[in-house]
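So that you can tell them apart, the chains are marked A, B, C and D in the order they are listed, and the count of residues begins at 1 in each.
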Amino acid sequence: MSSTDTINRIAVITSGGDAPGMNAAIRAVVLAAENYGIEVIGFRHGYEGVLTNDFTKLGRENVEHILQYSGTIIKSARSERFKTDDGGREAAENLDAHQIDGFIVIGGDGSFRGAEHLAKFWQGAIIGVPGTIDNDLFGTDNTIGYDTAVETAMDALDKIRDTAEAMDRVFIVEVMGRNAGYIGISSAMACGSERMILPELQKDKPLTVDALVKHIEGVHRVRGDSSYVMVLCENQWPGGAVRLAEQLEDRLNFPCRPCLLGHVQRGGRPTAMDRILATRLGVHAVELVRQGKTGVMAGVSNNDLSSTPLPETWMQRKQLSQELIDIQTKLFNPVKKERHKAVQKEQH
Amino acid sequence: MSSTDTINRIAVITSGGDAPGMNAAIRAVVLAAENYGIEVIGFRHGYEGVLTNDFTKLGRENVEHILQYSGTIIKSARSERFKTDDGGREAAENLDAHQIDGFIVIGGDGSFRGAEHLAKFWQGAIIGVPGTIDNDLFGTDNTIGYDTAVETAMDALDKIRDTAEAMDRVFIVEVMGRNAGYIGISSAMACGSERMILPELQKDKPLTVDALVKHIEGVHRVRGDSSYVMVLCENQWPGGAVRLAEQLEDRLNFPCRPCLLGHVQRGGRPTAMDRILATRLGVHAVELVRQGKTGVMAGVSNNDLSSTPLPETWMQRKQLSQELIDIQTKLFNPVKKERHKAVQKEQH
Amino acid sequence: MSSTDTINRIAVITSGGDAPGMNAAIRAVVLAAENYGIEVIGFRHGYEGVLTNDFTKLGRENVEHILQYSGTIIKSARSERFKTDDGGREAAENLDAHQIDGFIVIGGDGSFRGAEHLAKFWQGAIIGVPGTIDNDLFGTDNTIGYDTAVETAMDALDKIRDTAEAMDRVFIVEVMGRNAGYIGISSAMACGSERMILPELQKDKPLTVDALVKHIEGVHRVRGDSSYVMVLCENQWPGGAVRLAEQLEDRLNFPCRPCLLGHVQRGGRPTAMDRILATRLGVHAVELVRQGKTGVMAGVSNNDLSSTPLPETWMQRKQLSQELIDIQTKLFNPVKKERHKAVQKEQH
Amino acid sequence: MSSTDTINRIAVITSGGDAPGMNAAIRAVVLAAENYGIEVIGFRHGYEGVLTNDFTKLGRENVEHILQYSGTIIKSARSERFKTDDGGREAAENLDAHQIDGFIVIGGDGSFRGAEHLAKFWQGAIIGVPGTIDNDLFGTDNTIGYDTAVETAMDALDKIRDTAEAMDRVFIVEVMGRNAGYIGISSAMACGSERMILPELQKDKPLTVDALVKHIEGVHRVRGDSSYVMVLCENQWPGGAVRLAEQLEDRLNFPCRPCLLGHVQRGGRPTAMDRILATRLGVHAVELVRQGKTGVMAGVSNNDLSSTPLPETWMQRKQLSQELIDIQTKLFNPVKKERHKAVQKEQH
């Protein structure tokens, strides 16, 4: 596929966990395609809809004002059947039956692995658009939905701080990100959290209740009784925030309260940044199809449009910013500071 | 105390769990008092501050622009020591030492019981202002903080619905209200929740996993696969939303996800309704002191200012609206409707 | 129409200026009707759609999850043609052609006058549901949309206060309510506005720039340089907030900035209170039709369901709360207080 | 100043128009400085406070939880007196009297010009931190406050869209940015605005009412009657949104409504992105002082920390993204598309 003239019809799916901004990306695909006279078909429920031929035509009138809503108008799902060779073959047949020239999949790494699987059986152009709140895809500064998820986590943390300050208590807020601490570190920094437990910081030495109790007591020693808000990424503590709150309360003899945000983080009106990112990437995906590209993810790297081979997006590891980690854990850590001073005094 | 001329100094505390709007109530007390040339002292950390003499003078300059913030500038707490006779006596002595004429306590039923305790040892005017997100005080249509807490729960439920719709899943959102289902029923109705578990509805027959599974399956049968959002009041299920989600997932074979809002519901910018209610009640409390009233709660009943003897506020039971319960559980229940139709058909 | 058995089909319209919560009311009408086996038809664009026969069937699947969105799925409009006798007759004929038994109009006083007009030509049951952000209908404590509009105005005022405090400036925020100061007084109280200009307060003596300048200078004298935020209802000053800001800036020699919220106040996610009110009133309207009532507005008065003959809703005047006016203009007015004190001193 | 050992005391000011996130930047300066044993003094009201010696010591306890609030705890202002040589000299003397080693100014280009002025009279290290909602400073991807301002504008535009859709009307929303269209283009793209009027697009050919009327009619022709939302940057139309709405209404014969957001855009809780940016830049500014740098602005360019000589920040012109302009004005423009198609048809 080397000529843009051959592109007459594009299919789009949203796949895997939904993310705020997916609708804005769908809209951008449709409006850009319409500009070039390309038809767009949306399959519902991700790859499952490609298998079951559950589709809808998408025109300007269907997408004009969806960019302020989260969720996805063509719904999302995970499909086990599609992962088999039979599934891949069937999907390819359905795409060909619809005379699809380009296939755009909006989702995370699981969805992109699906795209690779499809490529074994189908010859059209396949482009990935990074849509996941986890922000854990290599090849793009941010993924669609991540900024909104951080705002949502921040909003909850702000509210917790209000009441924590009023009552001088300890709170543990569990946020999403079982494999990547992006939501964790960003919401922690945005809210001045006293402590964060991220997958990236857990690898060397497992955290103990003892260490956490010591830190809480240290903060209280330095600042007087005061609020203490901990950000805990999911899957980083057995039993999660609920269990950890019980364990700390047992030791500290004052109330420790859990909060489990869960899928609240997937919803909510997308932020402007997510809508703009989704719009740029949706347009970019259509342009990539027109340029004859395939097997790549449309991204924004250092503010510019980029494309990255799909396997790299999950095989290469995007690194959490060490700068941010250092600010939160060292520079702003009241307890570390205390010890630091003590050491300095001894040296004199 | 029969003449308003004798009121020279008022003390105010916020006590028990904090509620959004408490600051607006403090502000109203201070501004109203200032208008009458009455000084105001705020004791910090509720009754504890009265015991430890931890206080601050409050003037217009301290409270001018606090009404948009939740929490409480004089902090809140629960005090065990105050509940003893020695505690009550000590508090009374401190109030007398400060030449306090009127004592305004902003809080819930526990705080009002404390006010009754204080009345055994102190002769000044004691006025309660209903500040609790639970809305479970008799003698006022709404308590300060309730409207904001419902908005916060609704906001989370809206976000859950976004993602639930995208993925056709079951969600269980745990909200506050262990003794009263006000937040539960209001947020459930506001979000079109498919099911709510409230303390008031639990009394006759304990709910079983079986019954819930049957209802979920019924909804799916009536509507096709679709989102299902359950509102669960705290303490109404062993292990809470986390455990219930596990139990349902075991039975249903598709994802059921919990969300535990916790103290997020206590924070956040107070709604206009809460700020206005708090303003009216703060002013009303000062007027009640000036009128020589004591041992009553300032309230708003059927839109008018009211006062209710403190013990009635917790001994009389405010009833959840049967109208709202019927709409949610009968009129709008897709499954009940189905059965209802069936019954009707049999009768013909 | 004395028996509920005769109700088989209901029509619903949204008419006049849209208000947040109208969708929740439509949903409630549909779900309640469905429960009783009644069909619902929605005419689009208000009375205009009844004339042009622009309609859609409304079932559970169309309304299930619309209650979190403002606007109206059946759109709203004002229709001049309908106001004529020919228009009324034509509308009646169309309703009969659809075999409509009950007609529910969600809107404000203009829409209810339209309902009265329709009643001259049509025999079915006509029920009004109060949907307007202005809250100016007699017979209901609140109208649908009012609470949300106040929240929106408050949100803007809070933001203005942030920057006003940072820069010590004067701001004039123009809010809706050309005939009624409900949004004005509620948002002013909620935000601790220093001054409000409401239609109800303007009647006796017209306000002058002089008087406003004097008040601003008085506040600055009492409090030192500080922020000053004025709430101005639309149509209460020639040229509105933009012109008034210019006039004040000319006199005060420091920046005075206008803000004109306009129709922003009609949008936004409805508050829980609006959704619940809309739900109750939508259900109530269906019940009133079933009870054979006609020519009344469904309302909530002192927390209970009520019905009021349509002409009373606009002929009787709902009064702004004098209690709230007194708190804002007298009790909390720093300048009034100053003068009050001065007067008292002279008397001694 | 080549050794970090010599830095004992830093002064910080916020200057010019306030921006959400300024408090987060102050906090970061204080916490980072404290970590290195550096004292921090805040002068109030920008340069004015340096002249009047209006200052406060800033420690961890003053800034711990301010990062969720907009405005600035040390207030901001513009100072005419400081711009004179006498003013500059006096400021320098006051800084020396306080033994200040480093001076951090948080503000926009006017504030940075002030910093250059100060440098003529004072030898200490001077670092700028970009705090302005306009995003018009060269040397940093984003300025502090810009992301929040876009969210606020977007929020208003979303609400306008709700009601515009319900009533099929034309709206003109005036946003900030008299010299730079950043808020304009970002909020326009985020909300799917039909038209935007930015300073950058106005330069070649002045826009006429005719051209706007033609575009509105074109959109209606393509889409049928529908909502039309225009984003107008301030100062780009004589009389602003209010006047333009009158002019369009005269021509179109249906309602066109203005909305003037004004300083609402400066307030509101900072977004996570603004808080994180402010935190990074506040820390970076302290590090730059410690490294002996002076006369530069701390920025974030392509995600990395950067520093730019102050004069470059206002002399070099940061360009609006042509990619975004093209998407909004060409690719997504329904009217352009129509003409484009017509041309293509003629060619066949």
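Please note the rule applied: a residue touches a chain if its C-beta (ideal position, glycine included) is under 8 Å from a C-beta of that chain, and two chains touch if they have at least 3 such contacts.
None of the values given here were measured: they were computed from a predicted structure.
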Task = Trace the shortest chain of touching neighbours from chain B to chain D and give its length in steps.
result = 2
Key: Chain whose mean Cα position lies farthest from chain B   = D
Request  = Compute the distance, rounded to whole Å, between the mean C-alpha positions of chain B and chain C.
outcome  = 27
Query = Per the centroid of Cα atoms for each chain, what is the distance between chain A and chain C, given in Å?
reply = 40
Where chain A and chain B are represented by their mean Cα positions, the distance between them in whole Å = 34
Remark   = Residue numbers in chain D touching two or more further chains are 158, 161, 165
Request  = Return all touching chain pairs.
outcome  = A-B, A-D, B-C, C-D
Inquiry  = Give the list of chain A residues in touch with chain B in this complex.
reply    = 14, 17-18, 20, 22, 69-72, 75-77, 152, 155-156, 158-168, 171, 240-242, 257-268
Key: In the complex with chain A, residue positions of chain D that touch it   = 27-28, 31-32, 34-35, 37, 60-61, 64-65, 67-68, 141, 147, 150-151, 154, 158, 161, 165, 186-187, 189-192, 223, 226-227, 269, 271-273, 275-276, 279-280, 283, 302-303, 305, 323-324, 327, 330-332, 334, 337, 340-341, 344
